[in-house]
Amino acid sequence: MQTVTRNQLVEKAKELLNNGTVTRVLGIKKGEFSYDLTPAVFTSAEELEKEFEFNGFAAANFSKYLVKLADGEGKILVFLKPCDSYSFNQLLTEHRFNRENVYAVGIECDGFADYKKIEEEFNDGIKSVEFNGEKIEVTTLYDGKKELAFADYMLERCKNCKTKKIAAFDELLTENSDETKNTRFEEVEKLEAMTPDERYAFWRNELSRCIRCNACRDVCPACTCEKCVFNNPDSGVENKAIQNSFEENMFHIIRAFHVAGRCTDCGECSRVCPQHIPLHLLNRKFIKDINSFYGEYQAGAEVGNRAPLVNYTKEDIEPKDAVGRGSEE
Amino acid sequence: MDKLKEQILRTSGVNTLKCMRCGKCSGTCPSYDEMEYHPHQFVYMVEKGEIEPLMKSKSLYKCLSCFACVERCPRNVEPAKIVEAVRLMVIRQQGENHLTANDIPDLLDEDMPQQAIVSAFRKYSK
Amino acid sequence: MQVNEFKPKIVAFCCNWCSYAGADLAGNNRLNYPDNVKIIRVPCSCRVNPMFILRAFQRGADGVILCGCHPGDCHYTSGNYYTRRRMALLFSMLEYLGIEKERTRVEWVSAAEGAKFSATMNEFCEQVAALGENKRLEDLRCKQ
Amino acid sequence: MQRIGVFVCWCGSNIAATVDVKAVAEALKSEPGVVFSTDYQYMCSQAGQDLIKEAIKEHKLTGLVICSCSPRMHENTFRKVAADSGINPYMVEIANIREQCSWVHKDKAIGTEKAIILARAAVAKVHLNTPLTPGESEVTKRALVIGGGIAGIQTALDIADAGYKVDIVETKPTIGGKMAQLDKTFPTLDCAACILTPKMVEVAQNENVRIFSYSEVTEVGGFVGNFTVKIKKKARYVKEDVCTGCGLCTEKCPMKKVPNDFNLGMNNKGAIYIPFAQAVPKVATIDPNYCNMLKNGKCGLCAKVCTAGAIDYTQKDEIIEEKYGAIVAATGYNPISLDKFDEFAYNQSKDVITSLEFERLTNAAGPTNGVLLRPSDLKHPKTIVFVQCVGSRCSADASKGKEYCSKICCMYTAKHAMLTRDKYPDTDVYVFYIDVRTPGKNFDEFYRRAVEEYGVHYIKGMVGKVIPEGDKLIVQGSDLLDNKQLKIEADLVVLAAAIEPDKSARNLATMLTASMDTNDFFTEAHPKLRPVESPTAGIFLSGTCQGPKDIPETVSQAGAAASKVIGLLAKDKLKGNPCVAHSDELMCNGCSSCERVCPYKAITYVDKEFRMPDRTTKVRRVAFVNEAVCQGCGACTVACPSGAMDLKGFKSKQIMAEVDAICK
């Protein structure tokens, strides 16, 4: 459950709108259901009061929206959770928006709920989901009201939260902490320990579900290309709909490679995947390899950092020594 | 190729073609004056296939196996290994050793070079 | 030659300055290597995009090898250092997806190493042949 | 749609013996876009070229595929043919069916099949080729020569004589190099100093030449015609332009126990020193490792005695940045370390010396003023043994020494032996040799004179060991012709140590991106036809940094390198390589990835206004490639996440088309 409340955010936003610091607020709009949230821009206190929402499902990473939105008149207010703040810095490193047009307020994060997991608990007919302390109260059409433990229904990325540190902000609304968990590579290690055949079977099973909705790409704060190579007939790899297993592989390998060294591990790709494909396991493999081959690197930790793939040392590991190293360790 | 030669090359692991005939092995050999055929000749004669004169020669047993020639050869030819290989050929041919290991202690005397003793143990410990 | 002997398709990307010249030297010295190795000339190993490698596998290549100047000897100073990082990560990823690691390789071959080029290609072909056909990363539509 | 012509070359029997050229030409006829396909004995010959020109005209060809030898051989030939016929030269692709096909395969069926596939790949690429025009870049009319030995001096003089500016960078306080340390030169026996020092003066006085002595190259950037080089002028604590070279300071310096490296440590010098009388520049240098003033702040005597006021203890290393059009490596050689050759007792006895040390012992300016005295007790040696091939011609697995022949040892040893017998007829001189190698004008005659006229004892064999015994050295070696082992009681043993490239060369090669062989000698662009050029454009080779050489060879190579440099500097503009990177600004994100991997700093960013679909405009940061600076490596194309960056002539689509054709 989030310590930060909707009201805190609305009050802050109103204050900054009123004193002229910002002209617009990037936030989340209420939907029909509590889990049905849409990022939106608010320009007045009235709009904020009426439509601004922030609850246990408000996991969206706001940073990517700045690429499009930071260009308007006056500053835009953005609330940065720790995850968002790394993407924020990474995008700044890549000159994707103008820092001066943004006012960033850092907010702490206690993890978000995974609606997909809650949905799996019930056959259908979820009427409403409310958050109450450590509990989630679900009201359904057929089973009535049911209480779930928040901790059991967190997003995967929140369970293995990489850090609670907010890496970028103009002001902090809450405390900044250094708390980290070192559990995020456990699943990668499990895969590495498998035989190649097992790994292949695992990934075939996962990737074959891909419907190429492109949600992972569209939500990814590292995928901000003006024109994606997969949409570009001149790239030689254009493909907009998957027809066979190769293209499933191809799309996900290339996407992961394109964001390698730039991916902040915000986990949005897995969160939005309608087919529940654990895409973060691809990105984390790259992050794990980068850490073990070239030294610890967190994309977006600081603005201007040189990403590992546009860097080198003369003593780098040879590919033949690198491949399969994870599984032998 | 001559069978004897091939066998010597195989047991010794030496490539006689690497020799550039500088004679450093013979220049360095402490038993040179005792020998009828000198280290460089061992290499050269094996290369030419003239094995039998070597097998009959007493020179075989004058080599101390001190490995100075091996150490100093600029071409890494390892003449001492050739000598050893020829010795082995003789032993195998006769089907027995000149000595048994038990005979050695009686033969030791103070003037015998250490290297010869070590070499003998190397030979008979197998 | 046996009729059913499996001949893997090998795509070799060679940098213009070292490895392509090394391959030429192998030719000059008449050092044999399997004919199923086909060389594509690139200015530098760092020109090789992971997409090219995946493309080769898609179109039915059974193995892909990338050759460049020895680290430190790159004609463009640093190209092969980037190659080394990119390919370490890419090949590690392919292995993670269950693609046999023996199908991919990076080798540094200088313009003077015709013998190494030939030996590497012989060895790599054997290695890939032992794995059999690449099925895991192939686009079956491309095979008629 | 392109109209492509395919031309299959037989290369005499080089290709035709293992590739059915007619079948290749025939097979290619059915490739889409191919409107003409033929074969010919020698495509590169005049007749072959005419054939191509005819076909271009007759069939209105727009692209050419030549199936022939490596593009590294004749790509330019065929590009020129295309240009002569009005086709853009970059519409030509070569299928390498000789080096990478006919020469490596024996079976004709296999060779033919592979040749067809290679040709198809080339056709697939040509389909996507676009006409390219090379950009031009200015040439900086100044050359840099790295190393101030005889090679560097001669190169610099020849370049300067043609009217171009040239700088020499020398790590030592004086130019002159190894030749300045020599006594006489073979086979004419003229004095090294007498022929070298005038050249040193000449180069110092030449108004086109600047000498950076006691300096090092620390950074090289840029490319042919436009190198930017950083040179570190090490602090010598003496103002170079003020010092008159009077030498008073060197006499007064109380620190007398500095090993004199010019005499290879065989005597001492002061902490402030001038390497030798004819040094250029003739200025003093303070060795900071020994100078008491610099180490402890006590002394300052040299400053007191210097009437010119040249001493400056506060001097700092200085970095100079200069632009050059061409760079010549002339880094020279050194004798190898003999630490691994215990058998010769080099480290045990002072009277076992190297040939270079022997040069100093016989040099009038050397530690003994030219009188041959042995180092241990300064007595005249009566018996001298010379040992050749010490560390040369060793096999690679012998773990010591060099594989190559050092080339100069046979001749200088004959010289030493002859001169010794000439000056001191009462000495016995022995030379142990494996072979005496004397290919060169008047070389063998010289060696024969040593034997016949001067009575030098040449012994075919090698020394096995040298045993110091009392004040004698027992040299034990074999006399192969006599089938004897000799034990010679010698007073002095001289070892002809192998020579190796200077240690600085490796680092320099990396800076220059010039390639080296396994022995750290610089590699030439072609072993026979381009012996003074490095494969890296604009980098030239002079002297022993390329391989062992004697003085006449070094001087002629130095002249050759100079003429290549002059040829380059004489051009006002250089045509660049048109295969450069190009960024599609519509797709560029401005993320800076490409900029970070570019080794030439060829990429900059500009803010550009774009019209959006909704008729508004947006300013975006996009990459811009400076085509004159880009060398076309392609590192940026892969770093670019959006695929905006592509490489002309090696576009992603072209390479993928080749992949597709090969895998078909």
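Every chain is named by a letter (A, B, C and D) in the order it is written, and numbering of its residues begins at 1.
Keep in mind that, in the parts below, contacts are C-beta pairs under 8 Å (C-beta built on N, C-alpha and C of every residue); 3 or more make two chains touch, one makes a residue touch a chain.
Treat the numbers as computed from the prediction; the structure is a model and nothing was measured.
With respect to chain D, maximal separation of chain centres occurs for A (centres as means of Cα atoms).
Remark: chain A and chain B have CA centroids separated by 75 Å (rounded to whole angstrom). Averaging C-alpha coordinates per chain places the centre of chain C 30 Å away from that of chain D.
Computed from the mean C-alpha positions, the centre of chain A lies at a distance of 53 Å from the centre of chain D. Mean C-alpha position of chain B lies 48 Å from that of chain C. The multi-chain contact residues of chain A, meaning those touching 2 or more other chains, are 229, 235-236, 309-311.
Multi-chain contact residues of chain C (touching two or more other chains) are listed as 50-51, 55, 72, 78, 82, 86. Chain contacts in this assembly follow no simple pattern; the graph is neither a line, a ring, a star nor complete. Counting only pairs that meet the touch rule, the chains in contact are A-C, A-D, B-D, C-D. Listing the residues of chain A that touch chain C in their complex gives 191-192, 196-204, 229, 235-237, 243-244, 246-247, 249-250, 253-254, 256-257, 260, 282, 285-286, 289-290, 293-294, 308-314, 316-320, 322-326. Against chain A, the residues of chain D that register as touching in their complex are 586-593, 596-597, 605, 618, 620-621, 639, 641-644, 652-653, 656. Put simply, chain C touches chain A in their complex at residues 50-51, 54-55, 57-58, 71-72, 78, 81-82, 84-101, 104-106, 136-141. Here chain C touches chain D in the complex through residues 9, 11, 16-18, 20-21, 23-24, 26-28, 30-33, 35, 38-44, 46-52, 55-56, 59-61, 69, 72-79, 82, 86, 110-112, 118, 142, going by the rule given at the top. Across the complex, chain D meets chain B through its residues 343, 389, 391, 393-395, 397-399, 401, 432, 434, 460-465, 476-480, 483, 485.
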